[in-house]
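Both complexes below contain chain A, partnered by chain B and then by chain C.
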Partner chain A sequence: MIHFVLLISRQGKVRLTKWYSAYPQKERTKVIREISGEVLARGPKLCNFVEWRGLKVVYRRYASLYFCMCINQDDNELEVLEIIHHYVETLDRYFGSVCELDLIFNFHKAYYILDELLLAGELQESSKKTVARLIAGQDALVETAKEEANSISNIIAQASK
Partner chain B sequence: MAGSSIMETLFQRTLEDLIKGMRLQLIGESVFISKALEEIRREIKSTDLHTKSIALQKLTYLNSLHAVDMSWAAFHAVECMSSSRFAEKRIGYVAASQSFNESTPVLLLITNQLRKDLTSVNEYEASLALECLAKIGTVDLARDLTPEIFTLLSSSKVFVRKKSIGVTMRVFEKYPDAVRVCFKRLVENLESSDPQSLSATVGVFCELAAKDPRSYLPLAPEFYRILVDSRNNWVLIKVLKIFAKLAPLEPRLAKKVTEPICEHMRRTGAKSLMFECVRTVVESLSVYESAVKLAVAKIRELLLEDDPNLKYLGLHALSIVAPKHLWAVLENKEVVIKSLSDEDANIKLESLRLVMAMVSESSIVEICRVLVNYALKSDPEFCNEILGSILSTCARNFYEIVMDFEWYVSLLGEMSRTPHCQKGEEIESQLIDVGMRVRDARPELVRVARSLLIDPALLGNPFLNRILSAAAWVSGEYVEYSLNPFELAEALIQPRASLLPASIRAVYLQSIFKILIFCVNSYLSQTETLADWEPKVLDSISDLASVRAPIEGECEEAFNPRVLGQPSADNSIEDIGNVDDGDGQTSKFVSFSKNGFTRESIANLLNLVEVAIRPLSRSLEVEILERACNILGLIEVLKREMPAVFQNEKVLEKEELEVLKLIKLMNDAFSEELGPVSVSAQERVPIPDGLVLKDNLADLDEIMGDVKLPSASSFSLESPYYGHRMDPASSNVQSNEDSEASNESMSLLAEHRKRHGLYYLPSEGNGTISNDYPPANDLKSVDTNQDDTEDFVKLTAQSLVSKKKPNYAKPRPVVVKLDEGESVPVVPKKQDSRDDLLSGAVRDILLGDDAEKLSSSIKGKEKVNMDPLDSKENMHDMENSHHRKTTSRRSKQQPHRKERGRTSLEKLGKEKEEHGGKVKSKSSHRHGRQKSRQKAEGSSDVIAQTPVIPDFLL
Partner chain C sequence: MALSGMRGLSVFISDIRNCQNKEQERLRVDKELGNIRTRFKNEKGLTPYEKKKYVWKMLYIHMLGYDVDFGHMETVSLISAPKYPEKQVGYIVTACLLNENHDFLRIAINTVRNDIIGRNETFQCLALTMVGNIGGREFAESLAPDVQKLLISSSCRPLVRKKAALCLLRLYRKNPDVVNVDGWADRMAQLLDERDLGVLTSSMSLLVALVSNNHEAYWSCLPKCVKTLERLARNQDIPQEYTYYGIPSPWLQVKTMRALQYFPTIEDPNTRRSLFEVLQRILMGTDVVKNVNKNNASHAVLFEALSLVMHLDAEKEMMSQCVALLGKFIAVREPNIRYLGLENMTRMLMVTDVQDIIKRHQAQIITSLKDPDISIRRRALDLCYGMCDVSNAKDIVEELLQYLSTSDFAMREELSLKAAILAEKFAPDLSWYVDVILQLIDKAGDFVSDDIWFRVVQFVTNNEDLQPYAAAKAREYLDKPAIHETMVKVSAYLLGEYSHFLARRPGCSPKEIFSIIHEKLPTVSMSTVPILLSTYAKILMHTQPPEPDLQNQIWAIFHKYESCIDVEIQQRAVEYFALSAKGAALADILAEMPKFPERQSALIKKAEDIETDTAEQSAIKLRAQQQMSNALVVTDQRPANGSPAVGQLSLVKLPSMSSNPDNYSADEGVTQENGILSTVDPQPPSADLLSDLLGPLAIEGPPGAVQSEQNVPGADGVPSAADAAAIVPIEEQKNTVQPIGNIAERFHALCLKDSGVLYEDPNIQIGIKAEWRAHQGRLVLFLGNKNTSPLVSVQALILPPSHLKMELSLVPETIPPRAQVQCPLEVVNLHPSRDVAVLDFSYKFGSHAVNIKLRLPAVLNKFLQPLTLTTNEFFPQWRSLSGPPLKLQEVVRGVKPLPLMEMANLLSSLRVMVSSGLDPNPNNLVASTTFYSESTRAMLCLVRIETDPADRTQLRMTVASGDPTLTFELMEYIKEQLVDIPTGSAPPPMAPAVASPMAPVAPLNDPGAILAGLL
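Let's look at the complex of A and B:
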């Protein structure tokens, strides 16, 4: 199972964190520091796996972003690489040639997409099309709500409350 | 109020504003964050849910990326969760799943909200609740929401169903009794036509089976069907993982799945699936020769790939095969050894493990030699990896692999001198361990210890301190094997020893003490033998001599062979002896001067030690102070009591015998053999009557409350060299003292330099000796490294090829082992009680328990546990309860089970018609059968639980 997902930029900035195992806040900061230290220090032509605290971190670099997932020793490393790639492709499909800035400004959306992909540290949805459809459905829900909230009548109603 | 609310709503900064602001901030990140936090704290209190949710979203962002605490906003998250608008609800859920944990107080409030959303017609809302539950589910939540999950497990919306399947993992883990309710539906999903549901279900079973495989054996037919039919790699990988766990438990199953797995291995183009097949075979099916052969062929393909990932995985797979099929490693040894110089540290590490796996009795000398040379050229980290693996491999099972201990001991010495060596602790313990266990290795051990001690360069390296401490101990304990004890004593009192931490100096001092005793004792026994020849004193000491004779003989036996065997080594000793000759003493003494124990040399030694130790008697470290005083006291006594000896050794006064006795006594005490102690030794000591060990010591705390405990390091007499940390303040004081001391003993120092000039650094002229450790060897360039590897390949190839055992000149020395398992006592791994509950519940379901009864009562679990006790009257029930016990202990009643499975095979069909109407899965067939048998037996209370392995295999 996947214990956590981290997105770290080449400069060591954290772009996304998602924890599937229980890590207290302090521990999280420590883990992020350790992992980014380990992963960012590695050269380009090395393998994508790092042993860490009896677990394994599988990472993959896309442009300036490192996608890291932490798994158990006996999990399949190549499968996790596939999951990472799957996630990136889904992001790409959603944002249209995704770049780091997309993820910075749409932090929450990257989060929602990840939630559709993984649940309790397991892959939930392996079809990019389905994920896209689900996210679009949720976006539509949000949009209608937003329109409602922003309508003038709504604002007046609030103001006169 | 309303005014401020609308202002907030209209002018609230959104998450995007926050992120933009963060990127443009000029005032520094932490200031910006604290300002934003202030804003959030204000906004989050707003009565308008929209404003609140935006504030919460910003907080979630800051928490996720900037580790800002958000536990204080838990209640606000709950508020947002209960919003009717999806956008706000979603923000609330995300915040909750990110920040809630078991101890969040508001968790009690969300049960109803979750229930409402789980049953919502809007699938997205249900999915939010499921995601949240998967993350934060507690025992209470899992218990209360089990019915809802049960409903969702057969939802017609695939989207919701697959998520609810994923959630069952968490629910089962927290609340095992949920198994009784949900398990059947979960199993039904194994036959689902929807690939996502199937994938999720298999994922759940994969996790469950990893914890307790045996309970899921009855589901093997379903998994087998998936293994054969499915073409979805995600699913196949998970199923393979399940079989990797199940196969070792049931040989028939292993036999059955081997062929399909090999088929997948041959057929698939996906490396991930192929690797999973390989791993399953090498881990769990390693008895099937053909499958292993195929897997090894595939591993070879991986090893030859350029992709470092595949190479790494190939090596990793090899290291799994290695214990059972060493041939696979030997076949690929070239690749393995070449990988030792790979640029990737992980690959190097894997190949090092494999190289060590290839080590055998015949090849160890060669491999270690080459590896140690290789370590010299590696980067510090890898160097220590190499040293560490050599040490652990050689020490395995009481040095089982080491034939020649003289070689090994000198290898330990060599490793200590490796510039990057940081394995001080391991080398220390092995030096002492070998000393205690292997008598034959002691002379060499003392020689190695001497060469380590005498080298002043080593003293400055803090990583070697522990090794030096071991060397000091060895040289003191086994001084009788030393060629030249005086040299050892001088090495131990050399001025640079003040660089060592106090605990290690204490070991040094104790060793000096032992050496002194030994020297004086040897000298006295000589003079005494001499005296034996003089008839007039014979009478006075005849009683002593008769007692002493055997001891003396032993002493000389131990001492002489070394000296006689290596006459060339006597040169340095003869220097001392010659001084004696120069004095024109009687010719008789010449024969004894061979051993170096002359009046002159002893007096010299005593003076030397006294001068060096004297300043330490004012040391601030208790341990040093005490030992220094001991030594000084001894010297004092010797000088006072033996003036006669120092003036004229021919005169043997009556009082001298007192000293003789004293020295003899101490020497005997020190020469008593120290042996290894069994780990369980303590347990075998009977507890004396009247000693209550389990008494609560809490009240003692009150009494001793104000008494400050001394730091353990300064008082641990038994093993002062364990776990010490140098105290900078005290060591400064000490080194000041020592510098005084060295001023005092300038002449001594000069003499020492004259003798060991070689070991002094050239900077000695200005009086200060640099503490720097000589710089490590520079790393060689890549080409030479490559060449080295080539050499290495050749060398190891040779050493591996020569399979025949080399003829050792001498047999392997005896290694002392304690009769009764000295190894660490194996504590049976206690399973987590929750796991036990879980697997118990699963077994109940799968092995045909009375589902109705159990699902109806939540207390079912306890009830079942109680049953065996209730039904003792009945012999039959007794047997059943016995059955249960054994099954819960996972007994191996294979034949029994098999037979039952076979005989009932025919019945199955009929019963299927009778009972199997409502349920489809095979587990329910068994359930039905079990039920009918129960009826026949007429015992409704106790259910025989012998796990029945289905006979699909035969």
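Let's look at the complex of A and C:
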């Protein structure tokens, strides 16, 4: 099971956190600090796994961003490594060649997409096409609601003229 | 790109990004928090859009690591908004901000439930997602039935059902009772027929969790898992969008194989065959390709297949194939594969029969200790540690020592602990062990815990042969210009105790030893000074005749520390000073430290603690635990059967341990000297399991009957083991659960000690701990369930012999998974007898009903209290008890030949105390003890054994006590022990002993007969 997902920039800035196991607030800060220390310090050409507090952090670097997922010691590491890549590909498809800035200003989108991919710390959907369709559906719902709201406020505005 | 612009949010994020430093960022965040707080105070003026915006800002601030301790209510309240956009934000931010136990979540439960059972599919999804990510116990109890309904509903679309599956998994983790096994197993099997891969993937995760807890209920899912695997890996029957770099959903393949690892075996031959076909295909058909993602995905599947093959105990050929693959992996360039190769090879060590193939890769594994990647180095260290045994201990430990000087600080402590443990466990000789530990302290003193140097001191103290060597080594290290403080401690201690052995060597006169140790005093901390003071006092004591020079020097030091602020130092200084003035008394008080009582190595215990800390439930761990014999019972003694607690710690099974004469563990020597243990020749593991089963059956008669029964064929010249097997009743052979270890050996071991394992099989371990006081005893039975499912219909019945009053407290009918229950058993000894109590124990595991009858070690010698007598006490008693029936004499033949010393040890292990020097003939033993029972009260017993140095297989024994029954019973009991040393193997053929107490005594040519005239 995945205990948490962290996106950390090379400068140690946190871009996304998602906790599937209950970590109290104080603990979360500590965990992020420890993991950043471990992962950012690692050089290139090393393996993608770091052992940490009896668990394992599987991480992968994309440009300036580190994607980290923490799993149990005996979980399948490579499987999780490819979940990371699957997530990145999905983001890429949604944003169209995603970069760190996309994730900074649209961090809520990153959360929406992650929620379609993972649930309860397990992989929920492995088809990028399906995820893309679901996210598009959500966006459409939000858009419709906005238009409705606009048209109502237009009507009110016109009526009150 | 459909980005819903939220201008205020973007501006805030830009502001944060433009902050020059942390301080500015904090100011900006504080300003924003203030703003949000004010806006939330007047909630009515907020539009849904604004509310959403502020809640996102809160999440962003939270993500930056700031405490957001307000606004939770507003966030949660968004969940009950009627429109999708607000609801979505409410659910997602709540799931990020709050933990499962947060009070506000309780408020939301009703809304969440309404969304789940409502008709709106998008709302269902949002609610399931939140509950699946942060749902706690309360959610589990109130929502599980609804979630289950959604999962199996035919009207729900896959997008809802896959979320329902994982949501249920979360709720199940929080409270396993929410999934009712009876009704659910069939549904689960149906779910595995699902065509939608999203639903199937999620359901498979759910299944993994369910079977990890209780595979019994889900047997019907097993063939479906195999089918799924065939569909993916062989037929590649899967929609295009579910292939990942050309591989049919690697994730689903991995999960399916994971689920299969929780079933202990696959019985159906067809299913097994199909599965092995698929596995073979995966093992053979995975090639290294250029594309890194494809490579990772295919190897994820491959490594999972390897685990499954290991789990299924495949044929040796396939196993060797796996090891060969792993051997290839640990040498490749790609670091992930190297890492996983080492990790899986460590797991592979658990499989029997492949250790030797793994050892062929030792050179490569040792090279990996120097890998640039610390993760890989850690794996290599673990593997080295796991694969170490007597054959390669020297090489591996030397490598670890070498590596210690260059290894990272993060690993040194673990490294030194592991090296110390290996050195202790597998030392070919003790001086090597001392060398290793001293080198360890020398190279990595900061990382050597106190336990390690305490342990070496313990060893040296308990092994006289080792003392001069250790002292000399310690002396050598002191010549080094700079040594670690721990080295000062250990060498000061050793030289204080044993430097007098070196006195004649150059540079080792008391004066020189003193001055070289004293040189270190200014460099050490307060905690070391007391040790040095003791050393000085000991040097002083050993210097005979006293050297006034040295004396004055040391006295001056004591004097100096008499006013030390540290109480310990002050006390020692004052006391040693006063003592040294007393001359001869000093020698008594400061005499050499006595031997330490033998106990489990603190190091090994420590390593075990570390292991249990990180223990979690997993197929692999469970297997490991099932293979460790001592995992459950907490004993503070080592098993007495000559193979020390080695198996306890390592994941490796060491099949040849006890039969390898080269491997005499250090402890064995120790116990021998302490006189606790009688048998020291390592015994080959018993081959005749069946004759052991027989033991407990023949209990009705006195144990003597068992023996003669076993011995009859032996006397006829027919090998006894085969015959013993022939007379085992048919019912007993039906027991499909095989005991682990030898029941008879365990019983005999427990006759001589008070705690240990009485019985063990794959499901249960029964341990015993006993306390004896006079004619009463208190035993505690530890019933440990080794499985992850409960043992039911547990019954324990005591069949006491007539001379024992026994009361067993209530034994629960069910032993929960991996739990241990303790059942006290009170024993009162009414009168002397050798009969043995029997525990009739039964339980059910799955479809197997197991019934075992076990002898309980509440035997005669437990009611003895050793007693030492002087000549003046012994002889009057001996004379006053004259002739039968109070004094019985008998010539015993067919005795297991033992040196006299060992026979004395054997007697003292029976709590019959040998008084040396009482008998003028050095070939004889005289011993005494007190027996307690309700009828006899405390009764003195005297024993004399006369041996013939020319023929160790016969002896004459005389037993005397004030009670005729006691005399007879004790005589017979000791005879049994002498004739049949508990080895589990067939005893040597024995001529029927003269059983009648009135029988004519000893032929005249017996040397013992002549000697007897002396008394």
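Keep in mind that, in the parts below, the second predicted complex is superposed on the first by the 151 of 161 C-alpha atoms of A that agree within 3 Å, B and C clash if a C-alpha of one lies under 4 Å from a C-alpha of the other, contacts with A are read in each partner's own complex, and residues count from 1 in each chain.
What we mean here is this: a contact is a pair of C-beta atoms (placed from the backbone, for glycine too) under 8 Å apart; a residue touches a chain by one contact, two chains touch by 3 or more.
Keep in mind that what you see is a predicted model, and the values were worked out from it rather than measured.
Colleague: In the superposed arrangement, does A:Ala136 touch chain B (first), chain C (second), both or neither?
Modeller: It touches chain C, and chain B stays clear.
Colleague: Of the partners chain B and chain C, which touch A:Val14 in the superposed model: first, second, both, neither?
Modeller: both
Colleague: Just checking: does A:Trp52 make contact with chain B only, chain C only, both, or neither of them? Give me first, second, both or neither.
Modeller: neither
Colleague: One more residue to check, A:Lys109. First (chain B), second (chain C), both or neither?
Modeller: In the superposition, A:Lys109 contacts chain C only.
Colleague: A:Leu78 in the overlay: touching chain B, chain C, both, or neither? Say first, second, both or neither.
Modeller: both
Colleague: So, does A:Tyr62 touch the first partner chain B, the second partner chain C, both, or neither?
Modeller: Neither chain B nor chain C is touched by A:Tyr62.
Colleague: Pick one for A:Ala22: touches chain B only (first), chain C only (second), both, or neither.
Modeller: A:Ala22 sits against chain B and chain C alike.
Colleague: Taking the superposition as given, does A:Ala120 touch the first partner, chain B, the second, chain C, both, or neither?
Modeller: After superposing on A, A:Ala120 lies in contact with both chain B and chain C.
Colleague: So chain A touches chain B in one structure and chain C in the other; where do those two contact lists coincide?
Modeller: Shared contact residues on chain A (touching chain B in one complex, chain C in the other): 14-17, 19-20, 22, 24-25, 29, 32, 43, 45-51, 74, 76-79, 81-82, 104-105, 107-108, 111-112, 115, 119-120, 122-127, 130, 134, 137-138, 141-142, 145-146, 149.
Colleague: If you look only at chain C, which of its residues touch chain A in the complex?
Modeller: 1-4, 10, 13, 17, 49, 56, 59-60, 63-65, 67, 83-85, 88-89, 92, 96, 99-101, 122, 128-129, 132-134, 136, 159, 162-163, 166-167, 169-170, 173, 197-198, 201-202, 205, 239, 241-242, 244, 249-252, 254, 258, 293, 296-297, 299-300, 303-304, 335-336, 338-340, 372-373, 375-376, 378, 613-614, 616, 618-621
Colleague: If you look only at chain B, which of its residues touch chain A in the complex?
Modeller: 2-3, 5-6, 9-10, 15-16, 19-20, 23, 48, 50, 57, 60-61, 63-65, 67, 69, 71, 85-88, 90-91, 94, 98, 101-102, 122, 124, 130-131, 134-135, 159, 162-163, 166-167, 169-170, 195-196, 199-200, 203-204, 207, 210, 232, 234, 237, 241, 271-272, 275-276, 279, 308-309, 311-313, 343-347
Colleague: Touching residues of chain A toward chain B in the complex: what are they?
Modeller: The touching residues are 1, 14-17, 19-20, 22, 24-25, 28-29, 32, 43, 45-51, 74, 76-79, 81-82, 104-105, 107-108, 111-112, 115, 119-120, 122-127, 130, 134, 137-138, 141-142, 145-146, 148-149, 155, 158-161.
Colleague: Note which residues of chain A are touching chain C in the complex, please.
Modeller: Residues of chain A touching chain C: 13-20, 22-25, 29, 32, 43, 45-51, 54, 72-74, 76-79, 81-83, 85-86, 94-96, 104-109, 111-112, 115, 119-120, 122-130, 134, 136-139, 141-143, 145-146, 149.
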